[in-house]
């Protein structure tokens, strides 16, 4: 593999990693704070994509400029977070926080099943494709290979912004601290005056917005069709487990490893490209049982 | 320094569903035993009374065995998203055996499958018992997905997504037609359900099984009782793999074909789903859950094909929110064997 | 200040508190004593809202039992749980500051309260920067106590605060709490303790709890037993 | 093993144990011997390293340097379970119990672990040792809650059951971390009385960390004082509890 | 035999999952056609009643549902997925219920076993790939290098096996420069596309379908890959409308049969036009090959019943009479007529074309259409596809009968 190919693989890996990172970010946030592995995250991702494609298509049909697709992505993400994420937490999850974790997980699994069918009822089975946002930004040619600006530059930059933003928010703002405290011990948090219900609702909505945003950002690069959420959810699970629980930086590194691993596999050994996320996960956990950035738990005896 | 396993950090461990079978040794036969016996009798009568349900129930029982495997793991407070792995390994072991040796005996196929599951359970287990919680679940998922990819990739050997056909095995040397063979499989499934279910119940109540269940609440103490939590988990893990494996073998022979779909993660999730539906941690619940699930699913997909998933999801939500003890919880409530409410906490 | 009107609490079908009917005046210091499992912790948890109760709990003119649990510390209630419940992701000082941050206190007020905590519990100052997850059992008790003092401006509830503390330290803290009460006559203290000797000359009222029922008592119950 | 040999080799010996956590020295050159058949109390200010000492002796934490010998054999590198298997049991400062099992089941599980009961078809509830375990519960005043789930018990009850679990292992050396803290004062003397008597009868050596000087003076044969990771003093209860440093740092003027 | 009240037919099709892009239109078409048929009096006065079974509901649900429905139905139609056909074909044989494999492609079924009750009313993977190879070699004989990007499951692998083996014997000098099997449902082909841009193959083959194909083509188009390489997309007929302007002119498109909403031989026929318009009105989309396959299955069934009735002079045939009628049956839906060979395999013509953006439609249509006669694209009865292909050589190309159309 020469330097050119190496760089090409690097670019591909980064842009792919950026997208899975954004999706995994919401998942790891929810998991980190609420200890719930939200299987419905995949559906929220898919619905974010569908909503963006529909809204953009509608906007274009009204004759607006394609760049307006970008604000619409944000709008879709927020709609997903508020209209779906909010009620899921508020009506369902809130009732089972005191129950075993596996029940919480299954509630999200049930929501996943429901939303899969809802998507099909609303958007049908035909794939959607709405790439005007991506076309609006044009292409760049690097080393004789053409890339879309959207994938090569916009996605990685956005991922970085989200990473830093969320990090600063959680570590350096008071709300962030209160969220972290609630994460560790819901009842103790309440006993010092933290409204854990609000924290959870807020977190879940933010996580859902991130899922929707992931879908919105993915929408111009992919066909949107039934089942797209299921694939994404498994991938993001792999990312957050590799990363270590609730680890935001870890998720970034894990997403990069998986993204790069995949793109290098395409160059070097295409047969294993599919296996890459799982192999990376097994290898990482073999060496670091708490995940890349996970830390051993505090003493208790 | 030694590190504590992540799962035991929940600040207030909360009791969930039946931790032990704390049946008081009273003289009269508990309603639960009577109901179980009636249920088994009803199943035995199925081929004569409602033959059209025979296949469905046969498949459900096969799946119920796999769910039983997942249930065992749940008792240790762990959730596996990859137990379909053993389901598939065993089914494929049977398929390879039959294609290498056409006309192999049913019992041989079953034993080969269980052995395959046991060996792979031991190997995978040696690795995954180091982890708890989501890591445990995800690593199981990873192994099942790796196996899934292998099945899809090496399609010259595995038939890829189309899978492998299992020609009908002989039964004690006899070649049978479909109807006879299916009847035998059906009763075999019932026998296995009764036998393995009984064994699992006894195992769970025995010291070994009780030790296994302590993993859910306190591994530190387990270590300070002089035992290795990993080894304790491994014992139950292998048992659960074998149970899944027997289910997989049965399923393969009943369907006549094995496909990579057998190990797909959604199938693993479905097993967990059924385990909770039946009553998380309940041995009988595994089978009751599987029967109810299959029936609901068949009828939902037959009469509301567009929204069967939606219906199933709603069904699950209703169970979790309103009957968290699962179907067994409801049944126990009806037969007055409700747990003291003190055990449902805070 | 704090008034219980026919309060009952049960967990599941087991009744744990029965017919609690009494008032605590401001500035009172109440000692709650009783055998293991008598219901002391449950009593405090019911004030915090972690145990569901029937009946009425009044705090000043507020119906406490109707208030969601996280709103209660905002009324000036501080609670130090028996099992510490520290936030291990934070340092000792951050743990102590969290109640102030949750209540969105001003910087000056936070500073003032923090100083008060350090005055009462000077050992905490040395541990301020250490991760709260690693402190020893007794140190953890101190942090929990400090954290309770942060939000407890009107009612401080301490569940076995001296458990696991070296006696020398326990005495010092008892004295400091006594001084705090003497300095601020609006504050109410409720302390559960299985070692009543520490509370002598401190509590001006003692309640004995037995199988969930409360009777007025004196601080020498175990003499009768011995 | 002859009597003279038993006397020659201390049951537990530590040599120059050292460990630091970040900047905190939790064990600083700790060398201790514990003779068989005695009850040693460990006292000291909070954070002095008492629990850490027990953690090292049972293999939970590995010292940075130094050795732990049990019956003359080096057990430093062993994990807790191997040490336990050699006859050391521990009760914890924060009770370590199987919270979704009943109190009695906790003991039955412990005894199953000790006896290595492996028959998968014999229910635990029917094992021979059931009565023996009920007696243990009786001893720690918890017979009335034998059939309650541990998660439903109060902190004090858990402490007592934790001790009973350690006893169920029939150890030769019993380490207890603040056995009476959280136990109501009306009960603790009684419980300790019975406990110490039972230990003596079964010839169990015990080491217990304690903050209650009443208990120490009554039940310890010897007292060791910990301070900032070091063994500051060692002697009989009478000597130690009267020592001015101890009064200042540990006991407090008021009680003394 | 007495006429039944209704002719019960069970059909398995994907109603959920990603393959529902084929399954749902096929069901919609079937409903439409059956309604028309029943309005016109059904089959000899007997109306047809359809029951659909979701192939996406998983193997257990599928087999038990199949059995339940087969218990009441006269004829079954299963299915779309090759894996499901592998399961259901032997089951139908055991249950002794006539089963029409209406859409699945695997060539293995009839090559590995003999069936009395199972018929395939369309071609199989071998015929489809052979047509693509032949068209490629005829329209672009000089290419030197090829790469493949197929979905990573049996269809993607099997089709590449057939294609590459055929290429090897007919044009041995071609170099295979890249073989990519991204996972089924992959959302992003950026890495593959970068790699392809670096490799610059003359031809890129992809037998993907549905969203995978759409994504791949869209991304390749956006990044200019379609300017430098010729794409061979044997299933792209089903994606034409969705791809819109992203499928530029000059790429090879196939249709798994002679299925095309502007079929050059059929587009002027009234029935064809009525069907296409009707379907478009009902669903808003042009009919795709799975729709045509459904039509073929229905026509085959109808033809068999009518033949059996006529041959035996009865009101309604017995099962044996019906099975006999299927032997060598000839029928026609909205393509060329199809015949069933003695191994029950359908012989179906194959249509290939080159994409062109004419402006008549907001998406690519086909030009340089060639329709290949089906018989020569299949191995002779009793032969296994890959072995048969191994024995071919370049002269095979000249023997394949075809008709060319400009558009």
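Descriptive notes on the structure:
Going by the order they are written in, the chains are A, B, C, D and E; count residues from 1 in each one.
The criterion applied here is as follows: a residue touches a chain if its C-beta (ideal position, glycine included) is under 8 Å from a C-beta of that chain, and two chains touch if they have at least 3 such contacts.
What you see is a predicted model; the values in this text were computed from it and never measured.
Taken together, chain B and chain E share the touching chains A.
Using the contact threshold fixed earlier, the set of chains in contact with both chain B and chain C is A, D.
For chain pairs A-C and B-D, the one joined by more C-beta pairs in contact is B-D. Taking the mean of C-alpha positions as each chain's centre, the chain lying farthest from the centre of chain C is E. The mean-CA centres of chain B and chain D are about 42 angstrom from one another, to the nearest whole unit. Our note on geometry: chain A versus chain B, Cα centroid distance of 31 Å, whole angstroms. If each chain is reduced to the centroid of its CA atoms, chain A and chain E end up 37 Å from each other.
One simple way to say how far apart two chains are is to compare their mean CA positions; for chain C and chain E this gives 75 Å.
Shown for chain E are the residues in touch with two or more other chains, namely 16, 152, 181. Under the contact definition stated at the top, the residues of chain D that touch 2 or more other chains are 51, 60, 92-94, 96, 152. Shared interface positions of chain B, i.e. residues touching 2 or more other chains, are given as 11, 14, 16, 149, 153, 220, 306, 308-309, 342-343, 345-346. The part of chain D that touches chain B in the complex is made up of residues 58-62, 79-82, 84-85, 89-90, 92, 96-102, 105, 108-110, 112-114, 117-125, 127, 147-149, 151-152, 165-166, 169. Chain C meets chain A in the complex at residues 48-50, 68-74, 79, 81, 85-90, 94, 98-99, 101-104, 131, 133-134, 147, 150-151.
Listed in rising order, the residues of chain A touching chain C in the complex are 174, 177-178, 180-181, 183-185, 187-197, 297-299. The part of chain A that touches chain B in the complex is made up of residues 31, 37, 39, 92, 95-96, 98-103, 105-107, 109-114, 116-118, 120-121, 184-185, 187-188, 230, 234, 237-238, 241, 245, 271, 274-275, 278-279, 281-282, 285-286, 289-291, 294, 296-301.
Contact residues of chain B toward chain D in the complex are 1-2, 13-16, 19-20, 22, 25, 199, 202-203, 205-211, 213-214, 216-218, 220-228, 342-343, 345.
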